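Below are two complexes that have chain A in common, paired first with chain B and then with chain C.
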Partner chain A sequence: MRFPNFIRTALPAALMAISASSYGAVAYVSNEKDDTLSVIDLNTMEVTDTIEVGQRPRGITLSRDMTKLYICASDSDTVQIMDLATHRIITELPSGEDPEQFALHPNDRHLYIANEDDALVTVVDTETQDVLAQIDVGVEPEGMAVSHNGKWAVNTSETTNMVHWIDTSTYELVDNTLIDQRPRHVEFNKDDSLLWASSEIGGTVSVIDVQSRQVIKKLTFELPGIHPDKVQPVGVKLTNDGKYAFVALGPANHVAVVDAKTYDVKDYLLVGRRVWHMAFNENESQLYTTNGVSGDISVVDVDKLKVTKSIKVGRYPWGVVVKP
Partner chain B sequence: MNNPAKVTPLVPLNRSAYLNCFTGILTREFLRFVSQRSRFLSSLVRPLLWLIVFAAGFRAALGISIIPPYETYITYEVYIAPGLCCMILLFNGMQSSLSMVYDREMGSMRVLLMSPLPRGYLLLCKMVSTALISLAQVYTFLAIALFVEVDPPLLGYLAVLPALVLVALMLSALGLFMSSWIKQLENFAGVMNFVIFPMFFLSSALYPLWKMREASEWLYWVCSVNPFTHATELVRHALYLKMSWEAFAVVAGTTLVFSVLAIKGFNPQRGVRGTGGKGPN
Partner chain C sequence: MLKRLKNPLKLACSALLLSSTAVMAAKQPLTIDIAYLQYQPDRPPALSNVLPEPEDAGLNGAELGIKDSNTTGRFLKQKYQLTSKLSADPEQIVAEARELYDNGQRLFVANMPSAQLQQLAEALGVDALIFNAGSQADELRTEVCLSNVLHTTPSRSMLTDALGQWLNAKRLKEWLLVTGNQPEDRAYATALKRTAKRFGAEIIEEKAWSFDTDLRRTAQSELPLFTQTDEYDVVVVADERGDFGEYLLYNTWYPRPIVGTQGLVPVTWHRVVEQWGAAQLQSRFDTLANRWMTGKDYAAWAGVRSIAEAVTQTKSNDAAILRSYILSDEFQLAAFKGRKLNYRDWSGQLRQPIPLIHPRALVSQSPQQGFLHPVTDLDTLGFDKPESRCRMQ
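Presenting the complex of A and B:
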């Protein structure tokens, strides 16, 4: 009876693995209101699957080997790990309360999680599931980033209006940089010399020199016909070639294209309503934006700087990652 | 039917006679067009005012959701451009019919009708000539529209050509049909107001139909039976490399019906002053 047993156990798993991996490049989108992830086949630009996850999924990130997806299930107070071959949640990490955003250290093990309600950053070892440290930061921590060289973990706090610099070797808060009101997302450039931080209420993006941890440039955005109050920068994405920075402007429903060298705003691209976070595909020819209120993602052609398509997903899409 | 203008040819007419007739009418329309530069300019200024001034004011006020043929969010300028292309064709179609009334009043119609070719063919030539001349204006408009970021796919400019021809024919046929029922130039000006504006405003040219439906169900119903709505949608879809068979069927059907009615109803003597419709002898 070994043969039928084999069929019963291994074959379905193999089929599942094939069906999950045969998509080619896929985008995973967390739908904050639906408690689901939408899976989009990036060849056909269609939603191929919708997966139920924990409550209020927001930040999502991939493991280095692209086999696992970490999901901040904010209202379930946990970080879930999904096996991308089977699309099943395999474990849950002790994340602290209300995890919203996180960043994975280049060592592929240490996850830095911002706990919005506790004014803490929790560091979790994803293999042993141990909490390595809890670091006090400002009120309502939000954005998280770890530098490519692994030296810095950076967190923003929405109410304190600061960027907090955490030394990853000691887990200690070593410096703070004051920026405009309600800091949101932070992003290191490729060589870790600069940090871009968005301020939602301030309506600005601050470019901070990592060495001195001082703001060297503040970007503002003026869209014709749109009230300045509606310009609320959230997501920031930088191209690896150092050419562009894309800034999601929230309820202004546009993504600003910034020349990353001169800091000039080159263009504003019309996307869906309340654009939040963004992700590139592997060769950075396309950028995907999550549009919370309109419940879709928009696809931007990076070479032509044109929005080519918008795809309906679940309610209030929040985060997006691309698995090549 | 009393038909004094009918001429019986002494020898059977060959193909070159038909071609000569067509090139003659086309040349006349073309000459009339180039000699009236103000007409060319005004036919461009009108839609450009809509595109640059009106659309700019409404840019942020009107949220356009994703509707076919578009695949993402668009600005209001992008939305109204196809309707404005049709607006050019509408004004041209009507203006050309106006010229028919003028020709009739001035007597130059008789010169045309001296041709031994069938009257239906003459009218068809007139319609096609008007359509071809309108196209130059539409493409000039689309070229200028590039400056306000109305940039459909490159192939769309080619794909829209047959759609524009069909719509131009439909509107010419409609104009001809109306001109055959209008006695005098003054009456025609009135009909222009009662036809052009309702046709344009009660269509999907300026606002998507779902937006109309939000305002009123009967308004939506009127808009959706208006052939101009379908003309606009046919052009809109073709410009973005899509096909709307429903719009095509309505536009083609309307063209056929009005062409037949226009040719059947055409009476060159109608409206000549002081003759009571009996025509000069």
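Presenting the complex of A and C:
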């Protein structure tokens, strides 16, 4: 029914081949309901290109050397690899069914993929395209993260309400931490001592001690004039200097700014509607948020903690990454 | 390639998993036995018999609830088991339930009309915990208070209030009410009248449908005349079994929308609900049952999931402990309706948003914006605490 990818991407890819390499910093945004990626030039803050990809693109992540972009094409049941020099899809990885989010191991080869419909985490070698392991996890696996030291892969399952701890040396599930309803995103801090995990329906963010795998702090959010049930944390981003955590609050249409040391909520920033995922630019002076319902990206000035701009992208933007 | 790989890998992984969970938790697994009881009276024939409700509506939902819970249970050493009893004989189903109860069974999900549910609640001890996934009777939430029953299916008033809020938001304030001749149609009409009063609508005329002609042939000529009254904004229909209501659409005297049990319908659940992760629940259900998930399936699923959520948090399978946790402020259920759900501590009713659908799309979801309540806007749907005699606690 649909044209093969190479036909759809060949023409724009050819046109883009020259301009793509001439960019400065660029943000890639996956548009879940348009089957496209929007490319934003971060100097001009304008959408410079829209690239057709597989169906229902959600999670996206960059290779370490920033030459390739991995795309979870959920409804195509595949993970696509895009060459960022040409914006051409070069490979499709065997991902298991309905891949939603993934995380790349620091070895730059092993991709940990959450298969939402199958209650599995699939580990794929991106070079040989071999499936290295499939690990049974809870119902509706969603968030994925690999610790910076490469030791842990963690996955959240939305209906089982757990964080699953996978030992990357054995692919064995070794522990589970129960957190609030509908866990979504997980993020390790820089030294891998803490894991931040959001619970969308629970309305909380749990901070988990990695060594004991126990919850040490549970953050809640209160916004004047917004019903507590609409406060639904999804994306979490931590600054490298350990100062802030940013939490995207979904249909509350705000991003919470949390002091990452005291866990106090410092501020709430109004962004677009149904804010889900976020990314920093290279020096972390700016944060970009995907706003699904309003179909745009909000730009946050991290020093001033102000929203400075919104940029229209495709329908239901989901993931965002920045290539410096 | 992947398909081939999958099974051996899966086996290997679950073997690993078993060995590792065994190390993690050396204690005995906790077994949670849940009984699903369905009394299905014979359905009277309906004129519009094109798409009958599936016979196993409810059962498959409970089965999926067990499956979902066991996936969680695997990590926590909990094992959920379902015993199901389906009968067309109301006395037999109560007797079978009593036998289970005498053998120690305390957790039940019941899919049956109000009268049979009341018999069941009485036949089982007060220490049983029954989830009502079948009856939408308002009396069970207001007058007839069963202390061992919680309701996962919304009441008729919750459904009609959900519709009434939407009609109010759309300024469709003059209603023509058309009611069928079955007792449940009259109950639905009663709920609609209460809703009209609550949300400031006027029923300009009420008409009772009693014709017994086959409308598949004659709808076009009968119904325009039947709906020729003073002008109305909308036709509100109460025809729960779908006898004639489907034929009202496009056949009314004035070209007006049809809402209620046909047309735009307030429902517990429907296949068109796919936001908030519901797409995943729907596709798990499709795989299990090879059909769409109905409201009864959803209510039975929510009953099993409520038990499992309480078991996970209390680490107990004792019905009294589970009941008190479920009715506490602590309890929250993620049930694919966009927010956490909990139970009203007076009537034992699961608070929940109500989707408004037509057969191919979600139109809206109530409570509508702007309908406020001092506790939670979900309590703008159905009978509120001061309107109910029930006190579960």
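Basically, the second predicted complex is superposed on the first by the 306 of 324 C-alpha atoms of A that agree within 3 Å, B and C clash if a C-alpha of one lies under 4 Å from a C-alpha of the other, contacts with A are read in each partner's own complex, and residues count from 1 in each chain.
By definition in this document, a residue touches a chain if its C-beta (ideal position, glycine included) is under 8 Å from a C-beta of that chain, and two chains touch if they have at least 3 such contacts.
Only a predicted model underlies this, so the values are computations on that prediction, with no experimental measurement involved.
Because the two structures share chain A, they can be overlaid on it, and in that overlay chain B and chain C fit beside each other without clashing. Of the two partner chains placed around the shared chain by superposition, neither chain B nor chain C is touched by A:Val293.
In the superposition on chain A, contact of A:Leu305 is made with neither chain B nor chain C.
Once the two complexes are overlaid on the shared chain, A:Gln134 sits against chain C while remaining clear of chain B. Contact with chain C, but none with chain B, is seen for A:Gly96 once the two complexes are overlaid on the shared chain. By the touch criterion stated above, A:Ala85 is placed in contact with neither chain B nor chain C.
With both complexes placed on chain A, chain A has more residues touched by C than by the other of chain B and chain C. Contacts of A:Ala25 after superposition: neither chain B nor chain C is touched.
In the superposition on chain A, contact of A:Val47 is made with neither chain B nor chain C. Closest C-alpha contact of chain B with chain C, superposed model: 8 Å. Chain A uses no single residue to touch chain B in one structure and chain C in the other.
For chain C in complex with chain A, the residues that touch the partner chain are 1-2, 5-6, 9-10, 13-14, 16-17, 20, 24, 68, 71-72, 74-76, 277, 280, 283-284, 312, 332-334, 338-340, 376-377. The part of chain A that touches chain B in the complex is made up of residues 224-226, 253, 270-273, 294, 296, 298-299, 307-310. The part of chain A that touches chain C in the complex is made up of residues 94, 96, 116-117, 119-120, 131, 133-136, 138-140, 157-162, 164, 170-176, 178, 180-182, 200-203, 227, 229-230, 232, 251. The part of chain B that touches chain A in the complex is made up of residues 56, 59-60, 63, 65-66, 71-75.
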